[in-house]
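The two complexes that follow have chain A in common; it is paired with chain B in the first and with chain C in the second.
Showing the complex of A and B:
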């Protein structure tokens, strides 16, 4: 068709090079090439390397010995692994509390009062400081002898508790610390989302008599769907990479009860007493498979979104 | 071409010189000497830099390149640099801690250095440096473990240094009755519990049993091991340890002793400096050897040894050996271990111990009152993996002593897998 539309004879038919002839098709790939190359080398290739390594017994120094699925068999009967897996689940579920909390703070701050920018910055502050600092602050807050938490509990007549030393509550204590910055992150996502809420729809809903919860649930929240999606993604990923807080607050303790998979992998493969590379890789593979479920879901819903347009 | 020729000739020359016995002093070394060190805390760093400077003055033609790596980071980096980019001299630890590198052929066998005078002078630590009948490095410092206690509190309540387990428990009861905890400890990073287990097990079952247990030859479910834990439990049930110790590091546990809330601390000699800084002078702080539990076994002590090694991939082994000889020489040992430097014990029998109460007591204890033997420490005598599982179990026992059977089963399963 296009050949017919533009008569070839009008060109003086110079000898064009191969690249010139295929420029449109090739150029995007050339631009993509560095990115694709590094993505393959630093992301895709290591994934397969880890899969491979998880089939070996290797201390990182000597010869690696092929042992088949033995690392995975050991994982099944490893109680420390089981504890880490359950803790990861706790993180995944409880960390999602950051989303509604962030939404309500955002709604609360979405008003025009003198100095609101200052309040917004203050609420956003915990996300700006390093996770290490958050961990230290909460460690002191929880401290059983001079921590503020026990002082506050004392006011209402509750006995002192050692949050980070009690195997049954330590993980919740760390998650609470993690929620502090994560809520701030979700809040900022919703604050930007609220700017895009259509005032006309709110006006119309108000004329129809919607207010309070119904207004929020049927008019506001549906319009915040993109923000909710992003908040969900970053929160899930944040929960799965919860490492720094555990490392700084409890170092996995007491006796390994606050470990999650990423921390357990680090301990087994890379810490002072670790260097079981194959076993660490096997843990990493399990963590990867869990992440893969979410990644597949995210990709799928983004794909749906694109197609819907 | 010239440089290729030069190296073999230099090597030949040094061999001849060594054979002639003229190695020690006047011999000149040349080339580069690359040293990787983990002595990153302020005082050890100054010691390391001082040694390099003095060694450099002795060998002006030698170009010494010192790299100091943060102590904790060093523990993971050593794996990489030993195989990829080996220096000529590297720091590490004695006993089982060096075994992976010896077995992987990454440390040089320097048994020849240990023959003759050096071997005699370093006899006390020779065992810790020996694997398969060969020596793989030299020590440069070690320090005693023991009970550091508040002398003033003991005097206030009319207590004296305990020599037996009964006296120990009686002291402890008196302290508890007066609202003072017997021991401070911080087990957040686990190893402090390893110190307690070392002592209780060595006092209950003796050094040989202890080293066989950590060497994987005895099951953790053995009745003798259970006896150790039963002794330990007596203290735990009394409430001898500070509460919530699982939340504190060893440093965070110091204030309890400085404030007088706890009376004693089973620790290495490195605890003395921060305790002194916290205001405990020698009239308030004192030291005693861990008391006898089972009179039938000989006393044995923990005395972790820090070391220097030559990686087998080193390029200037001649200079490296000369440096190691310099490090262990009596004169250098006296200097670097004195109170204003490392404040620890010299490894050379001909060196002098600094005029410090704790160093003197420690030296006397290790050289005169430790007939059973000298252990390194739980996490240096046991293989790394066993140490990690083991110390976690010890911490759990200290918090939940009722879980003992379960813990021992777990340790036993780990033992069968690891060794």
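Showing the complex of A and C:
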């Protein structure tokens, strides 16, 4: 990229038009204009508007009233907010299980037996279908009267459990449903990564007597680093964006115990619980700040890589 | 290759692997298979409590028929198509332009604009929710497909730009230099040199965005309300409210709603995976 803009103006005559002379400097801006405009209007400005809005009391219709940090003060003593925050943490940590699980399945499928391609695509299947359908499917899977889970528990003599009706396990039940497509995603990333692992290094390590777990940990996993990075990025984002599953499986219940920040914000700002836009914006700001830690890390990693090129 | 190729291992392990493979798949897809089974069972089976028995008779046609002819499902499906296709087209056009600008030209703010797109793409939806809903209301586009499409195009441009820019960076730069030496105008370089080379990236993006947008639920409930403009993901929830205990119909409906991205995936598998795993290999 060091030779990107070769000055062609050197051999151009002064009579050429202004545009012609500055073509290379202007063209990128012309090409960027529509995309940047859309992105600013719909993504960048709204972030700042939300920050601003979180300082107001507003029902979405009437006049907004400036109340300073009052929304944030209210958050501190809001039990439901605390529950949501803890659930977000559970999501963040447990969702990361998708990464080792995906690696495990990828290793299992990284063979060349007949029909393996079809197996790979069928294993990837859960990622392609909408989270709404995944949520419905798992709601039935957990159903206390006929759900497959309880049918299977019955085989080993365990009593029926109502996963989605029990405040102490409901969040774990939803996370398990979310892990299903997420694992599939990580699997496909690792399958691609495994394809590119250097066979000579593996042979060399084999000659040195590396096998099984040691081979995996010291030879394979380091070479899978780019895949792991992407798996990490998409899994963190997926965990913090969890909304669809909660909405369809429990609607935040029972007694609001399965809410996360993204769901609680929606509930406060847009559902029958009242149109508290300012308070909702304050919740969104907190969620955004959590995400910002990760965004900063991702960008920093990408920046290092760009410089290394 | 790691793990050791199966054909180089012992006969017992080979047989074990070959038996476990289909079993593992069956287990993995069990929740889906259950739904597929439900969707071909007659209503009477559920009434008599035989949830997991074999269907007393094949009621697939009946169930899917009702979904297609006696519910709002076709309407929701059509809405989804009318939301998804324009979004895909818009995103591919916008991002091939932004990707070209950021991938080919060198100027000071290049990396910052690029990072703006990348960072914006990671933002939680909730921080955009209230302002975007207001903006859509102000434009008079609330509860219209156009309102949803405009937002989706804008938001997905972030991811698409990342994708296109990295793809263009990997193209041989000598091609562009050669064209410049010939004195070809910059926009012609875009149209005649770069765009033809971007076809695989465009195909990959198209299938990815199709799936993302088809499966979107959050923005569908934030920006639309009724059957006249809601896509199928939102439709299925009102379907759910309407037929809560009618498992045979809900199952059939869910399968119909899930089918288009699945079909897309199987038809364009190569592009889909290439798009999804971009960057997973150095």
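Quick note on the criterion: the second predicted complex is superposed on the first by the 294 of 309 C-alpha atoms of A that agree within 3 Å, B and C clash if a C-alpha of one lies under 4 Å from a C-alpha of the other, contacts with A are read in each partner's own complex, and residues count from 1 in each chain.
Note that a residue touches a chain if its C-beta (ideal position, glycine included) is under 8 Å from a C-beta of that chain, and two chains touch if they have at least 3 such contacts.
Please read all numbers here as calculations on a predicted model, not as lab measurements.
> Check the residue A:172 against both partner chains and state whether it touches chain B (first), chain C (second), both, or neither.
In the superposition, A:172 contacts neither chain B nor chain C.
> Of the two partner chains, chain B (first) and chain C (second), which one does A:270 touch, if any: first, second, both, or neither?
Both chain B and chain C are touched by A:270.
> Please indicate which partner A:25 is in contact with in the superposed arrangement: first for chain B, second for chain C, both, or neither.
second
> Per the overlay, which chain contacts more chain A residues, chain B or chain C?
C
> Once the structures are superposed on A, label A:164 by its partner contacts, choosing first (chain B), second (chain C), both or neither.
First partner only.
> Touching A:104, do we find chain B (first), chain C (second), both, or neither?
neither
> Please work out whether A:34 is in contact with chain B alone, chain C alone, both, or neither, and reply first, second, both or neither.
In the superposition, A:34 touches chain C alone.
> Which of the two partners, first being chain B and second being chain C, lies in contact with A:284: first, second, both, or neither?
Only chain C is touched by A:284; chain B is not.
> Need the overlap of the two footprints on chain A, from chain B and from chain C, as residue ranges.
Residues 60, 270, which sit in both footprints.
> Help me check something: in the complex, which residues belonging to chain C touch chain A?
1-3, 5-7, 17-18, 21, 24-25, 28-32, 34-35, 38, 49, 51-52, 94-95, 97-98, 100-102, 104-107, 110-111, 113, 115-120, 122-133, 135, 150-151, 153-155, 157-158, 161, 169, 173, 177, 180, 183, 185-187, 190, 211, 214-215, 217-218, 221-222, 233, 236-237, 240, 247, 250, 254, 257-258, 261-262, 264-266, 269, 273, 276-277, 279-282
> Tell me, which parts of chain A touch chain C in their complex?
1, 3-6, 8, 23-25, 27-29, 31-32, 34-36, 38-39, 41-47, 49-50, 53, 60, 107-108, 110-113, 119, 121-126, 128-133, 136-138, 140-141, 146, 148, 151, 180, 185, 188-190, 192-197, 199, 202, 215-216, 219-220, 226-227, 230, 233, 237, 240-241, 243-244, 247-248, 261-262, 265-266, 269-270, 277, 280-281, 283-285, 287-288, 291, 294-295, 298-299, 302-303, 306
> Residue numbers of chain A touching chain B in their complex, please.
Where chain A meets chain B, its residues are 59-62, 74, 79, 143-145, 162, 164-165, 250-251, 253-256, 267, 270-276.
> In their complex, what parts of chain B are in touch with chain A?
Counting only chain B, the residues touching chain A are 72, 75-76, 79, 82-83, 100-101, 103-104, 106, 187-190, 243-244, 246-247, 379, 384-385, 387-388, 392-393, 395-396, 399, 410, 417.
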